[in-house]
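Every chain is named by a letter (A, B, C and D) in the order it is written, and numbering of its residues begins at 1.
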Amino acid sequence: MYSLKNDYSEGAHPRILETLLKTNLEQSTGYGEDSYSNEAKIFIRNRLGDENVDIHFISGGTQTNLTAIAAFLRPYEAAIAANTGHILVHETGAIEATGHKVISVPSIDGKLKREDILKVLNEHTDEHMVKPKLVYISNSTEVGTIYYKKELEDLSKVCRENDLLLFMDGARLGSALCSKGNDLKLSDFSELTDAFYIGGTKNGAFMGEALVICNNSLKKDFRFHIKQRGAMIAKGRFLGIQFLELFRDDLFFELAENANKMADILREGIKKLGYSFLVDSPSNQLFPVFPNSVVERLQEKYSFNIQEKIGDNNTSIRLVTSWATKEEDVVKFVEDLKNI
Amino acid sequence: MYSLKNDYSEGAHPRILETLLKTNLEQSTGYGEDSYSNEAKIFIRNRLGDENVDIHFISGGTQTNLTAIAAFLRPYEAAIAANTGHILVHETGAIEATGHKVISVPSIDGKLKREDILKVLNEHTDEHMVKPKLVYISNSTEVGTIYYKKELEDLSKVCRENDLLLFMDGARLGSALCSKGNDLKLSDFSELTDAFYIGGTKNGAFMGEALVICNNSLKKDFRFHIKQRGAMIAKGRFLGIQFLELFRDDLFFELAENANKMADILREGIKKLGYSFLVDSPSNQLFPVFPNSVVERLQEKYSFNIQEKIGDNNTSIRLVTSWATKEEDVVKFVEDLKNI
Amino acid sequence: MYSLKNDYSEGAHPRILETLLKTNLEQSTGYGEDSYSNEAKIFIRNRLGDENVDIHFISGGTQTNLTAIAAFLRPYEAAIAANTGHILVHETGAIEATGHKVISVPSIDGKLKREDILKVLNEHTDEHMVKPKLVYISNSTEVGTIYYKKELEDLSKVCRENDLLLFMDGARLGSALCSKGNDLKLSDFSELTDAFYIGGTKNGAFMGEALVICNNSLKKDFRFHIKQRGAMIAKGRFLGIQFLELFRDDLFFELAENANKMADILREGIKKLGYSFLVDSPSNQLFPVFPNSVVERLQEKYSFNIQEKIGDNNTSIRLVTSWATKEEDVVKFVEDLKNI
Amino acid sequence: MYSLKNDYSEGAHPRILETLLKTNLEQSTGYGEDSYSNEAKIFIRNRLGDENVDIHFISGGTQTNLTAIAAFLRPYEAAIAANTGHILVHETGAIEATGHKVISVPSIDGKLKREDILKVLNEHTDEHMVKPKLVYISNSTEVGTIYYKKELEDLSKVCRENDLLLFMDGARLGSALCSKGNDLKLSDFSELTDAFYIGGTKNGAFMGEALVICNNSLKKDFRFHIKQRGAMIAKGRFLGIQFLELFRDDLFFELAENANKMADILREGIKKLGYSFLVDSPSNQLFPVFPNSVVERLQEKYSFNIQEKIGDNNTSIRLVTSWATKEEDVVKFVEDLKNI
């Protein structure tokens, strides 16, 4: 049984393991104040071309989202998210557990637009309603789509004009940046958002997200929030070393490129066989639509998630590739599909 | 500069790294439902001699404490802790951030006693006050002392008689169990507490605590709590594999024994030189009292925490040994102390 | 300027003031444990035909909702509400501030149906999502509609079959029970819901809602929740006396009947003039649709809320009558409308 | 059975009832934006000699405390309170339920001093601990003592020097201001604190506290907090009218003076009979110490709270007078005591 269920089925990129091994018995300062973490931050800041951002390594996406959003909002302020948004659907109400409402905006392609934001603002008029304050987006989105530069600029503008914070969940930012058609680069995010994170867990690390805080007003005392939410790792070096390896050179991007290339093979192969897709996604998540009987046959050899039933006879499934996916396996999938 | 600051200065025990490497490219189920985690739980259950406990691997101590305590209490219920308790002092109000008060009980030796509990109960009489519901203890405690069987039995009894839950923070449980004079074994805790955790971070793992839920009424839906608090790791195997190595054989105990043995060398050496201790601790944390001038000299070659000023001229410092501490280093410390 | 903006523009029914005056200098026990409150509870229990319910008087609707819902749910559990629901829209995220998500269900008529509930349950499948646990309904709803017996029985059934709690916001329960076509009586609610409240604020009291807890498992320690949320009034008699007057005889129903009768005059008058309504509501809230120019003219003499723009030329407004609305005033409104 | 248990045993001052009656059928704007509330605020601002403060009427003390403190703090920030403080002891963890720790400071006389604050600051050094941010004091305190001008100035100074907020619970502020020896006037509080409240519930109102926010940085969006915590009363006029009557002339102070005068009679009478007091309190709460047998005899005719057992044979009780206490009743108490 081969899994295309997600991008965290395997461990970490071997180079990460090597460095963990090499540095293993050195002593280092705890809680993320070690030299590896500091060095990793320098590499990332260099990539961003911005010396002023604050960077914090946190062990997972939900934890990063809840720690950051709860830190950035006052009690009556709310986040706005697409109805596909991870914080709305797949985090067990983690944001609400910190006291904040997440306002849901219907979205087919998983993205938020200027008009969505304005509509929410128009509907929230007084103190009997929450005050929308933070716009949460994911890039790539939960349905595999990506933001283009013009779209992100528009969102950033509407946020700044309306005293809203723009926060980007980058659990799959690597894949977004390496997608065909992508016209954004890492340094754009520190200009256009107030905070965002660079996902390590889904791009070759054992775990770890690099939260980048760009807006000065959000930086103060952030380590208190990390500690209070249980997100401060004693052996912080463990996260630092991983990001050090990912950003010391181009490893982070090479891994994402592999994921995308494997997705390309799947996408082209599936298209060629005449199947359609629920949504047109250029990144490492694909949502092909198959007859139910085909899905059943595929399930005999592959594990993947069901995305959605399409009428009585068809089903959209989710296929995810990663840094660890091998060409032979996706080629085999296409062949198996052909033979069904 | 050699660090005796804590038991998380080094990485993980080499055997853990080997197994991570060996299993690295295998695919596994996410979120802690992988086969490594399941196997690790079997080994731990066998040690406990209890097939019925639920076990969850969580990445750190604060996160385990806040997830468990918030899960176990209703909104108006409170925890009771010694005034040295980690949740009271060193977790940035993590428990309060989940809505619960922690009632502080003065304690010299870091332990709670039957009478402490009864006193708190007597003072909380009606709905204008929180309702004490959970007793939080640490073993070993934050000042290095350990609970003896009779003490734990007494606490357990007073809890059960008064409808209180007994929760034990075992961040340094390994060291406690291997301390001279200890008469408790791992299986006692599943009998005498409602939940406790076995600390990996401070005993040879990169990170990870094994939360053991013994009381049936606390087990339901616990994974929802883990996810909601951001504590569910995508590559859950990473925690599972570490506990698998620690409990596959006696590694967990061997590592704790090393820590204690190194502490013994320090303790004896310091005693022999005529210095006293703030508290008499049989585990891997020592609190010797030195003249300020001695402390300053030591700080030139060693890093450690200041515990407490003792009058104008003396200072108690905290020395912590670990699985990774080497005999030559503690012998050297004693020599250096002698030469001051 | 005459206000049809809401049902809390005037003070309290004069009989309430008389009794407050009469009992004013008597001493009574604090925090709702006084004899007036106890007597009021007996009258309400008699009306409900149920000796076993617990009753608590709380000063307002939002406070009752947040105190009850937070008390009834565990941290990861969520409420389900129609998208018109007061807790979703008009309580500034009060439920989320206690840590709980409110799941929104689209509804035209403000009511929830069996299928709505089942759909939500089907979508919430595992620990990565909140667990739906409580169904929140309002009767009358926020758009003036009411539940009929068959509908409430169906909802109650689907809740019990799926281990869900049914909670009813009765801020305008008086008007619902006195609406034409209503086939529910007060005693039905203690049978069909797990908890509900009887609204005083919008039916003749200065303030006050009577929360009725029917389900035994929800009763324990409820006064702790009330105190913790700041909802326990020192001079609890003030709430008790009001409910005592409302339920000592039929005053509660007489007041609601006046509100409904005044709404009937408005409804019939507006209909006769050929105007339509956004929603067909039999209770004390009406949502007529007028050309914008008519709305502007009405605003010169009357205050009311705008409900919704209907295309470019029309607007639906909300008209609310109350126990204090006089026949001459609503007759005058219809005349004024006719003359526009 | 005559009650000296508290200062909220009776209803409201008759003049309040009269005005409620007189204005009862007028229509007014909801949620505290009515003309009565506005007028009341003008009277209070005039008393304070400060046009710039924001004033909000909230129905009770716990609710005012929790709404204000939660609004003023970021998640990891904590309040400091004397160990007698109402928020620490008698509010069922209401502050913690909003996510904030309350740091307890031992205090015999219920007051905080400059050194107490500095000690807490010294102990809270980094992000592993909460950050002390708000100093909570009560005046008069929970043990009946009052702050003198020099003391309040010192506290205010240490707060401003250390970026701490000073918040004063004035549930019994009337009695404090009318105490013998008091040298503070209402206008001092808007100068020396960041926010405080003037208690109505315990000084002649049915309910209501006037929260005064002096520090500009705390004013923004405060009505959102009030609504979110369930503290926004629909018929806000009900609170406004009460404060209007209390502050239209000197009624607020006259009522407090009566309470104090009655306490004076009790205090002098008890002293004359040779009894001592647990604490020397100049306001409307007294804590005489009686032999247990005397307490038992008093309990036959009077209700009051037990404050503390003093050894095996004596007990300190709490006697509270109010605006409604009559001279004949306290004279009778002293006589009865004499006859025991």
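Annotations
Here is the rule we go by: a residue touches a chain if its C-beta (ideal position, glycine included) is under 8 Å from a C-beta of that chain, and two chains touch if they have at least 3 such contacts.
Values in this document were obtained by computation on a predicted structure and should not be read as measured data.
The greatest centre-to-centre gap from chain B, using C-alpha centroids, is found for C.
Put simply, the C-alpha centre of chain A and that of chain B have 33 angstrom between them. The geometric centre of chain B is 42 Å away from that of chain D, both derived from CA atoms. The distance from the centre of chain B to the centre of chain C, with each centre set as the mean of the Cα atoms, comes to 50 Å. In chain D, the residues that touch at least two other chains are 75-76, 91-93, 97-99, 127-128, 130, 224, 227-228, 232. Interchain contacts join each chain to each other chain, per the touch definition above. Interface residues of chain A facing chain B in the complex, by the touch rule stated above, are 2-3, 5-6, 8-12, 14, 17, 20-21, 23-30, 59-67, 91-94, 97, 201-202, 206-207, 224, 227-235, 237-238, 324. Here chain D touches chain B in the complex through residues 75-76, 78, 89-93, 96-102, 104, 127-130, going by the rule given at the top.
Touching chain D in their complex are the following residues of chain A: 70-71, 74-76, 98-99, 127-128, 130-131, 221, 223-228, 232.
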